[in-house]
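Naming follows writing order (A, B, C and D), and every chain is counted from residue 1.
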């Protein structure tokens, strides 16, 4: 039964992910005084893409098709790390955040290879930029998580979530503030949102992620899009779990689970609104300003670690 | 009796070869005489092994130390004679520089060195050491070229002056002994001095004075820095077999003399003073020689400086004392003499086939002279004190002794110096072996004599690096028993 | 088992003899390689048994040697022996055909003579249980490796590199000798047992001196920056199987030596030792990978990555030292576990990478990334194996590199439990360094693999590249399998490694967290594979089309992103490290429009050779020249020296 | 001790003065032949001293030594040197690197120095200070000659003077070494001079000059 709930969490994340995207897009449209597309648009996009045939460049090797599948698979596994309804997850209990971060890295690595397999200059450009951003984003992300791990004396995500649930919101130390800031910045970079990357542009000077997947079409593209959506939602879930977990089902009972679900969706919506606001109010950074952006994140994360050590 | 034989075979041989004119006769008789001498030395060593001390008259005595050095001498001389048979073919015809004179002088030289080893009397020993200089000076100047004459002259004068101080030291020693109550007849007799050593403690200031002079004197002959100045010239300018003899036996000969004095002093007033002196000399020699090896241009000069460095290591080995240190030091002299013989023979081949010893003009030996080049590599590795060659073992012992005796400074100085030496050797030899040869070699192969001698040396080095035969150990223990 | 051990040694000694004696036979090299392979297999078996069962083997050869000379296998030695043989076997397989194809006559014979001797020397080093045996093997290892490099050819540059290699190795060896001998005043001899027993009497200054000597001495061999100077010089010029052995195995012998000294002999020390090691580990980790990213010659790039991985290993060792100093043996165990395991992992994937480089050179005759491309379609096996190696070295999950890095991450995190504030701050921060290293490594190998194996071939040779011969493929496949097995089933190694650490680290216990990965990894691997298969089954048929070129025709290989271009952003961000010297040359000069050619050049100007080594060498040589002037050639001056020496000694006598 | 003995002892003590004179004269000398004469004179003085010692101690050996020294050092060697000088047909000046007045002053300084040097020992050994000082002075002077005179032959002379010093030291401190040793030493000296003479000729033949300070082909 509990197993079932854990699996349910994973499915929930995977299935709701496109919706989150749709919502964010819709919100942005509204903020920009456009009507915008339906919030279910991403689902239909995915369906359409899955029905199309898979175009493979003549130069490409098997990597080209392997990459999206592996990416999606890895992301699905990663999704099993995030507690959503109750303070446990399929893999998030025994598995720690190091594995999580490196699972994302694996997916990204394969995608970079897939991008370069196309043999066009766009793929290489995207891969190279992605390499820069992800390298620099990994440091603050990991350090922030390390800081939280130090506070809660565990590395397992679920246990960290439970620990935070045990705390009173107003008792939470400055560490959490710093870590939160660092993680948000890192997450923006990881998921390739404004101001680091713009998922809607196709202007070669600015695009990073889009340049990587320029060669992809049909089911492969669908897998990639879906995977990145899951990643976005997953990281949101992680933020929620680590910083605002209250309401998550401590005991195992149906009403509490339902309450948890409702609360979680509410928090998700709040985060989506915040994201939309940020994306509308901030301009995309020049690529060589991204390192500074992430440098700030790293600085915050390092501070978080130092404070944790000091405030034991 | 056997000692007389050992002593006078060379003298007889010298006179004999002078009486011949035909070069083949000369070389042949030399080889025969050499063989006889080696046999005689062997028998003598065996007798010593059985009896401990062999005495002949008042002035001839041989003990463990003697037999060790004698065997070393015999081995190297045999190699030198064999090599010369192949090497000394075209020699100048002049006063004292013809083939027969070459062999005659070699045997005189041998005679004087044997005499050094056999003389029981320190004064007598001094006379013989001086005689070695006189006997070898003509050999150094053998080729009668500008360089060799200059080298011979410097060798003669510098060593004579240095040795003169050793005589002064011997006199002071004699004085100390006489004042110390030793009968003036036996006041220079080594073993009676050894026995009376403890009684001489009162005369420590005289003994110290004596040792300072002796160390300077014999140190000049050993080639301790800063009295080493004659050594590179002589080694570089002498015919290669003679360079081998100088470096491999003559230095040991002077070292032997110094050891005798050191033994008495250490017994009389404790080892501190003499050993400190040796450490100072050793430290200087090792440092200066290793640095100077970097900037050498002539192959044989390089080898000469490496001799200085290795004798410095030996001095350090004696200086740090302890049976391990002494054992290592003696073993090192043995290893070093073999390695040096090998390398000087190789240098001989180089000069013969490429017509030069200027290292910047020797290139691509690995291809043009594979065998000589190979020998050069072996010798270099051995000289650099790398396994699996003998010098690694002896240096290892000396290091162990140095560290166990907590002589850290000198030990680390030695470590540094050895690294510098390795760098220098590597630099020079790498350039000689690799690259494109300027001119084709006269002969790429080796003559049987050359091959035989070089092969023997290489085999000995390798064997000594992997395993010290019991016989050698016994020999060394015998030697230690004498001076400890 | 002891007999087996002796047999192994003798056979290894035998192989060169066989080659030399029967080298006229056509089958001589087959015999010798077979012998070599079998002896390595025996070694693997012995080491395996000793490692997993913890049964000690020892062979005393003192009666043959001038000094106490005995070999023994405790678990630590067994582990490293296992490592040597594990890498040695595939490398031998690879060499069988590689050497045949690339060398002929005397050179080939020499390779087959020296290769077993090289292996033997490394084997001596890790199994030696007396100082003499250790140093004997240590020096021989340098000699034989250098000889193997020399066999490959001769040129001015090669000469220079070999010179630097030998010189640095010898200097390092001198320090190691010093480290050994400093035990002597308190130990009766250099037998490891004697050393261990005597250490209790050792005063602190001695411990520190020994530690520092060992750190620098072994560090030179391991190639931690800034002692790495020889690494990118020696590895690229060696014959490929040799560079594989040098980078994969020889460096590890240095780590072995350091672990022996720092933990087994000295049993750890003050915390600053740990921080020292940690700092230099981090330094060489980051700088190593950054230098690697800027490289385009595959072998030199890999050499710099050796420096990086050694850096990771030293991070682990440093952490372990800190833990020991803070009386947390359990976490020290975890850190040491990470370090040792990373030794094995690095050996496997670095060996594989070098073999892959060899395969590339074999079929395209170049190692310059800018001339490669599209090899995966032409060399499927090599490409796949190389991909696995790339994933492993980038520390990605499901592959072995991740396991050790994860262990290291966990031990860093565990430091937050320490009472000592410094340790509790610095070690967790080190996770950031490790993360940076990992990210950069991933970027670098995305570049390598993407440029070399994917996209279009950049020149004709790459176009006509063909898959390499069976033995070479076999060698690589074996190593690739090892990568995956360790990556998926780390449990195989964790417990025996824990036991290994317990053998020489007092109070060591294996924390349970360490094993959590072992339980989790297989599941993740399984589910990923299943998912991929499932999706693959669902996929529609593919349709091959030309690459999209914004609607224009004629997209060619020159329009692909080059290796230089790929690394540009990172080089720009870290330009502080590179201090690049850039130059853009437009021809014809003067007119900005429609140039015939635009060439761009950017070289790294930071070099420890210039800033650190040159001055020292120059100083030494200058001193030498100054001394040379004392040898004036004027005999009267010489006589003066003698008199001066005499007077000096007389004064010394008066005042002593 | 009888009358003659005391006389002999006095003679012995005062004879040191003659040695100092020879030293100063050698230092001042401009021509090689003068130096050789001075050297033989010096040797004669030594002979006399040996005779005195022999007389005092009634030792046959000492007489023999005296004879030996007289023959070799006072007669044979100087004669040989003269022959060489003639045979060389080279300019006879010593070509000193110091002017003769400087040389004299330096020599005098060396003599003083030697007095200071032997002071602590003379008392302990109970030997006549003047003689011991003379011995040391000769050694130092010999060294000085070898360092400051550029002519090859002067090196020989310097060496001989130095050797005289050592001989005198032996005489002063221990009334001479055993006869055998003395014979050997003197023989070595003879051979040494002979060889040096040989080399002097070779130098002349190969370099057309006798200036040892110009023999600087081998250096470094």
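As a convention for this text, a contact is a pair of C-beta atoms (placed from the backbone, for glycine too) under 8 Å apart; a residue touches a chain by one contact, two chains touch by 3 or more.
As the structure is a prediction and not an experimental result, all values here were calculated from the model.
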Best-connected chain pair, where connection means C-beta pairs in contact: A-C
Chain centre separation (chain A, chain D; CA means) in Å: 102
Centre-to-centre distance between chain D and chain B (centres being mean Cα positions), rounded to whole Å: 32
Centroid spacing, where centroids are CA-atom means, of chain C and chain D in whole angstrom: 70
CA centroid of chain B to CA centroid of chain C, Å: 44
Residue numbers of chain D (touch at least two other chains): 143, 146, 155, 212, 215, 217-218, 220
Residues of chain C whose C-beta touches two or more other chains: 628, 631, 635, 639
Two or more partner chains touched - positions in chain A: none
Contact pairs between chains, per stated definition: A-C, B-C, B-D, C-D
Chain B residues touching chain D - in the complex, by the definition given at the top: 59, 96, 121, 123-124, 126-127, 130-131, 134, 137-138, 141, 144-147, 149-154, 156-157, 160-161, 164, 167-168, 171-172, 174-175, 178-179, 184-185, 188, 205, 209, 232-233, 236-237, 292, 295-297, 301
In the complex with chain C, residue positions of chain A that touch it: 52-63, 65-66, 69-70, 72-74, 76-77, 91, 94-96, 98-99, 101-103, 105-106, 108-109, 112-113, 115-121, 123-125, 127-129, 131-132, 134-136, 138-139, 142-143, 146-147, 149-150, 153, 155, 214-215, 218-219, 223, 287-288, 291, 298, 301-302, 305-306, 308-310, 312
Residue numbers on chain B that touch chain C, as the complex places them: 153-154, 157-158, 161-162, 165, 208-209, 212-213, 215-216, 220, 226-227, 229-230, 232, 273, 276-277, 280, 288, 291-292, 294-295, 366, 381, 384, 386-388, 392-393, 396, 399-400, 402-404, 406, 408, 411-412, 415-416, 418-420, 422-423, 426-427, 430-431, 434-435, 464-468
Interface residues, chain C side, partner chain B - complex: 64-67, 132, 135-136, 139-140, 143, 154, 159, 162-163, 166-167, 170-171, 174-175, 177-178, 181-182, 184-185, 190, 620-621, 623-625, 627-628, 630-631, 635, 638-639, 641-642, 644-646, 649-650, 652-653, 656
Chain D residues touching chain B - in the complex, by the definition given at the top: 121, 124-125, 139, 143, 146, 152, 155, 159, 162-163, 166, 169-170, 173-174, 177-178, 180-181, 184-185, 187-188, 191-192, 195-196, 198-199, 202-203, 206-207, 212, 215, 217-218, 220
